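What follows is a set of structures for review.
Next come two complexes, and both contain chain A; in the first it sits with chain B, in the second with chain C.
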Partner chain A sequence: MTTVRKKRSLEARRNSWGWFFVAPGILFFSTFSLYPICNALWTSFHNKKLLSLKPPKFIGLQNYAKVLSSPDFWNSVRASATFCLGVFLPIFIASLLFGVLIASRTRGRRFYQLALYSPAILSSVVTASVWAIMFDPRGLANQLVNGLMGTPGIDRRWLADSTMVQISTMLVYIWKTVGYYTILFVTGIGKIPASVIEASIIDGANPWQRLTRITMPLLKPTMALVSVMIFIGSLKTFSTQYLFTQRGAPLEPINVLTLNIYNTALYEQNLGRASVMSLLLFATLLVLSGIQVKAAGSGEDM
Partner chain B sequence: MEAKGLRLSSGGGIIGQRLSGSIAAAILVAACCVAVVPFAFMLGASLMPGSDVTSIPYRWIPEKPLWSNFLNAMRGSDGDWIYLRNIFNSFVVATTVSISSVFLASFTGYGLAKFKFRGRGIVFMGIMATMMIPFEAVMIPLYLTAVKLGLQDTYAGLIMPFLTSAFGVFLMRQYLLGFPDELLDAARIDGCSELRIYRSVVFKNAGPAVATLAILAFRGQWDNLLWPLLITQSEELKTIPSYIVRYTADLTADEGTMMAVAVIAALPVFCLFFTMSKYFLQGAGVYSGSKS
Partner chain C sequence: MKRILTVLLLVSLAASAAVAQAPTVPGIKGKSIEINFWTHDDANRNPMEKELIAEFMAANPGVTVNYSSYPSGKIFEKLTTAFAANQGPSIFNVAIGNAVSFLDNGRVAPVDYKAIGLRNAAALEGLYLPGMLSAVKRDKDIYGLPLELTNMCLYVNKKMFREAGLDPDKDYPRTWEDVMALSEKIVQRDGQIITRRGFDFRTDAYPNTFIPMVEQLGGEYVSKDGKTAIIGDEAWIKALQFMKDFGPTGKNLGAPTYTAARTAFDKNKGEVAMSFSGLYQEARMKNTNPDFYNSKDWMVVPFPQWKDAKKRVTANYSGHYYMVNVQSDKLVQKASWVLLNYMLGHGERYLEKVAVVQPTKKLTQSATYRAMPYSDVFTKDFDAAKIVYIGPASSRLSSLLKAAIESVEVGGEDPRVALEKLRKAAQAALDDVE
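Our next item is the complex of A and B:
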């Protein structure tokens, strides 16, 4: 009896070392994640200016009302939504296609993966600056498009026209992220048990049937995961839009939520409204993340 | 790998196979070209005078490599060599964050994976919940917190919010869950202290996870634009991304030099990529990899 109790207390003492190991982490996450988000909630109900020394005044839902009734906010919602929807299908289809094709190859898989992934390595600001030069009126983009369409000398106004600048930001984003999602699909396909595919070959399925009846259905969890990740990622886009507007592109068409939050906080110095927009963005991303966890979880049954 | 490829393309006639195989290869090669063309443009243009970068028709290969672009890129348009300082800052921030995130994440991850203390479930859920808080949503309150702590316009301010990440903790915990308990018990019987066990048994054997996480963290900071933009005012403390934005915003700046600036910024991460591509791909696959 006593030895059992002794053993138990020894184990309990050892397990309390767990607290020792997680304590620094808890301190960090409380200071830099939990506290700020609580603070954001508090600020959203107060009238707080960035550099003002006056104590913030409680103003209830006024910040929310102001944000929700401002056309500027709704323009940002439109800009973010357009961006998300605009990049979703191209990225999803291209990465799924490339993923399936790479998985079907015997040789050069690694090469294809690395080549397609390389844009994702480039930092987003460098990417934006390279594309900004290619989108120059006399730049490569005009020349390539005019060359392909046989229309020499036409300026597509990539960074000047309000529709074109939206397309330009999407192109940059698609170019940069397709490789990343391709790798997720390659990994997902690699997880399909070989026995399932062997069984289908014995049953006489041809490659097309195997793709549509075996691979695709078994890839559903990965597809769900990738879809949500594309949405979350594209809602967070900032660098390209910021750099393009700094280089003189019109702000309004590409004033996505993140950019608007940044400008509202830093230039208008209105932290209350910036916090409200942050929280609305957070709520949206939280819903999407919840779906992502579900999607990732459903993969465990695979 | 090879056997699987054969499986996927078997069935159907030999000719059909070859045809579909070469179509697949053609599509992939075309996609790779699209992925790589902007790199070729960046490299070529970084060695041209600005007028050649926007010449019609565009010549991909510089007539005579203009190495002075790189010198001018370093010197900057004001001749103050501030880019060098900004590169140094990026190295300091990215390296510190990379090292600290590995240590803190493995520390926390080890505690969560191997000790059954009371409240463990809540701590784990809490940290996972912060993974869902995107940086973009807390940056303004985080900025206020940092200002309160007196971190504005300091290295500490650039670094501290990224000392570790919930994702890193998750990664390390998943990895260490599979770590054999027998090894830990053996070390305990040998009289090792818990800290010593962490250092010389656990951390030393967590190589792949450590490398993956270190690279992810380094890249994340090398790429970070938003936070340095908020927290720093003086040019001496800015990092590479904000310098690039400032340089690109100047419409009179020479395009060739601008691309040289970009090449310099891209170089370190690409050196990492070519030497440690395995960990890059692992890092990318972590999401779908965490499922199994």
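Our next item is the complex of A and C:
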């Protein structure tokens, strides 16, 4: 009886230390994540205007009805979905390819990793500004494409045409993020036990067989993780679309959800509707995060 | 020794005279306050204002002024975020179309007339040209002091006109049809890519320049009672068709995706022959390209009209008013008005260094104003101008207008389709306010 009591008090003491150590994390999460989420939920049922000092009125589901019946919102859903699907395959394939290439090298590995990763550390605004200059009709993008295709003087209308402007935002995003996902693949490949590779070499497997029969199957959890992360990341894209529209690009083709939320909150000053859109985006991200956690979990099993 | 003492005496007298220029805040003695001052970037204005603030702080040792400036495209976002969190600065300015939401949501303090040595609102209005404070007047009170009110005219590069075989003094554009025809004569391209534009619009100033195009033809963005969006469809369609014809899917004469026309104009590198801007552009030109400013290669002409215009409408003017945060401490509010009154009391200095015009009777009648190149052109247009649309939905209406124009000009959308979309969205924005 005394031993059990002692054990319990020891456990309680341990638990209290556990609480002590996780308390800052919980506090941080509650302040900067949980509270804003709850606040957005509350705001979504009120007619809260950004600058108004009057107490907001409860309006039930009116904001939800307005948003869900708005063509502008559905255009944003389309723009976000197009962007996600448009960047997914290029990022996935390019980062996997670079990951495999870097992992297979013994010399200069760090240099290639750094070179690929460097765009990711640039501020999104700087990135978008630099690319906007390149997409100027007299900029590098037209010169390069026309030079390669032997079509001098053709304006590809990178920021003007409704299809091209979507491709332009995708190009910027791919360029900026591919290095990050490459690092994830390099790490994933690094986690494959050397003994398995060595055994396949002894068995006479050539490099292609090693890649397709050993590396790829064992990389599946990383692939799942990267896939979900690409979707989550691309749904949160904002800066490039924002900056391009500031530089004269038409809004409608690239009015992704995040940009619509920003404009609804800032220019319409309608926090209620902006909150509804934020929550819908949050729900989508939550589902994707659930898949990501599962994928990461299955990665640990490896 | 006597000489040294005399010099010291003169220096101290001069220093005290400089300090004495700045007024002291009533009731500040023994107290210390902090004024947070947010404004937009201006390479000419910011250093000058810092000097004036330093003088004010020297005269008021208990006052600390924290002066911050932000890019003009960003300051609205910064202010809105800060005010939404009830952390707005003590003094701020933003374009009047955006400032109205601060004003109508009770975020701005009325002018402290007594603190600036005036009896009442009427006395303050008496200092300005008629109607210049209407935008910031609510009931009987005034809620802002004008930093600048700007109307836009057309800057013309005479050299580029001559290079195109034109006589700038005779051939400068009077009508929108002229603007298009001259652009076609001046434009140079490398294939489809424009290397020289005859003219280009200002993407940040459609309420100032595009709406008057519609109004000249009898249309309106918002009805007089503020309840209906888009009046006069034919006027709108004609103006939007002009934009479509002008843009890359039409005659390919310019587009918002090229370098801002006024910036390219000042550089005088043969990129743009005509550009819209206010009088302040002269100071920017003088600063960035003094050789061009001092040459006789540029001029300013009135805002164009349609050939079949129903009425003469010049560019709408917009403005910046300095405002004071009503949530600031009362003494901070008082000190803020005293500081603003002191700063803006140097109207001629603002005009000389920044070329911004405060619409005071004194300044507009001054020799300094009249000596500014082409100030008479701006004045004549200004006399016929009205302020840009300001209302509770003006920020939203402004961004919707931009989207509609650029969907037609850049995206090649049919003007009728774009107009219908604009009507629906603008009406929804107006209905939302009610």
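FYI, the second predicted complex is superposed on the first by the 273 of 302 C-alpha atoms of A that agree within 3 Å, B and C clash if a C-alpha of one lies under 4 Å from a C-alpha of the other, contacts with A are read in each partner's own complex, and residues count from 1 in each chain.
Heads up, the rule we're going with is that a contact is a pair of C-beta atoms (placed from the backbone, for glycine too) under 8 Å apart; a residue touches a chain by one contact, two chains touch by 3 or more.
Since the model is a prediction, treat every value here as computed from it, not as a measurement.
Asker: Given the superposition on chain A, are chain B and chain C in a clash or a fit?
Answerer: Superposition check on chain A flags a clash between chain B and chain C.
Asker: Just checking: does A:E268 make contact with chain B only, chain C only, both, or neither of them? Give me first, second, both or neither.
Answerer: So A:E268 only meets chain C here.
Asker: Contact-wise, after the overlay, does A:L53 reach chain B, chain C, both or neither (first, second, both, neither)?
Answerer: second
Asker: Is A:R138 touching anything from chain B or chain C once the two structures are fitted on A? First, second, both or neither.
Answerer: both
Asker: So, A:N75: does it touch chain B (first), chain C (second), both, or neither?
Answerer: neither
Asker: With both complexes overlaid on chain A, does A:S162 touch chain B (first), chain C (second), both or neither?
Answerer: Second partner only, chain C.
Asker: Taking the superposition as given, does A:Q246 touch the first partner, chain B, the second, chain C, both, or neither?
Answerer: It touches chain B and chain C both.
Asker: Have a look and say if chain B or chain C is in touch with more residues of chain A.
Answerer: Here the partner covering more residues of chain A is B.
Asker: Could you point to the stretch of chain C, among 75-83, 183-191, 201-209 or 327-335, that collides with chain B in the superposition?
Answerer: Among 75-83, 183-191, 201-209 or 327-335, the clash with chain B belongs to 75-83.
Asker: Which parts of chain A are in contact with chain B and also with chain C?
Answerer: Common to the two interfaces on chain A: residues 136, 138, 246-248, 266.
Asker: Which residues, counting only chain C, touch chain A once they are in their complex?
Answerer: 73, 76-77, 80, 83-84, 101-102, 105-107, 189-195, 203, 248, 255-259, 395-396, 398-399, 402-403, 406-407, 410-411, 425, 429, 432
Asker: Can you check the complex and tell me which residues of chain A touch chain C?
Answerer: Per the stated touch rule, the residues are 49-53, 72, 135-138, 142, 152-155, 157-162, 246-253, 263, 266-270.
Asker: What residues of chain A sit close enough to touch chain B in their complex?
Answerer: 14-22, 24-26, 28-29, 31-37, 39-40, 43, 94, 97-98, 101-109, 111-134, 136, 138-140, 143, 175, 178-180, 183-184, 186-188, 191, 194, 197-198, 201, 204-207, 210, 221-222, 225, 229, 232, 236, 238-239, 242-243, 246-248, 258, 261-262, 265-266, 271, 274-275, 278-279, 281-282, 285-286, 289-290, 296, 299-300, 302
Asker: Which of the residues in chain B end up touching chain A in this complex?
Answerer: Of all residues in chain B, those touching chain A are 1-2, 4-12, 20-21, 24-25, 27-28, 31-32, 34-36, 38-39, 41-42, 45, 53-58, 104-105, 107-108, 110-112, 114-117, 119-120, 123, 126-127, 130-145, 160-161, 163-164, 166, 169, 188, 194, 198, 219, 222-223, 225-226, 229-230, 240-241, 244-249, 251, 255, 258-259, 261-262, 265-266, 269-270, 273, 277, 280-281, 284-285, 287-292.
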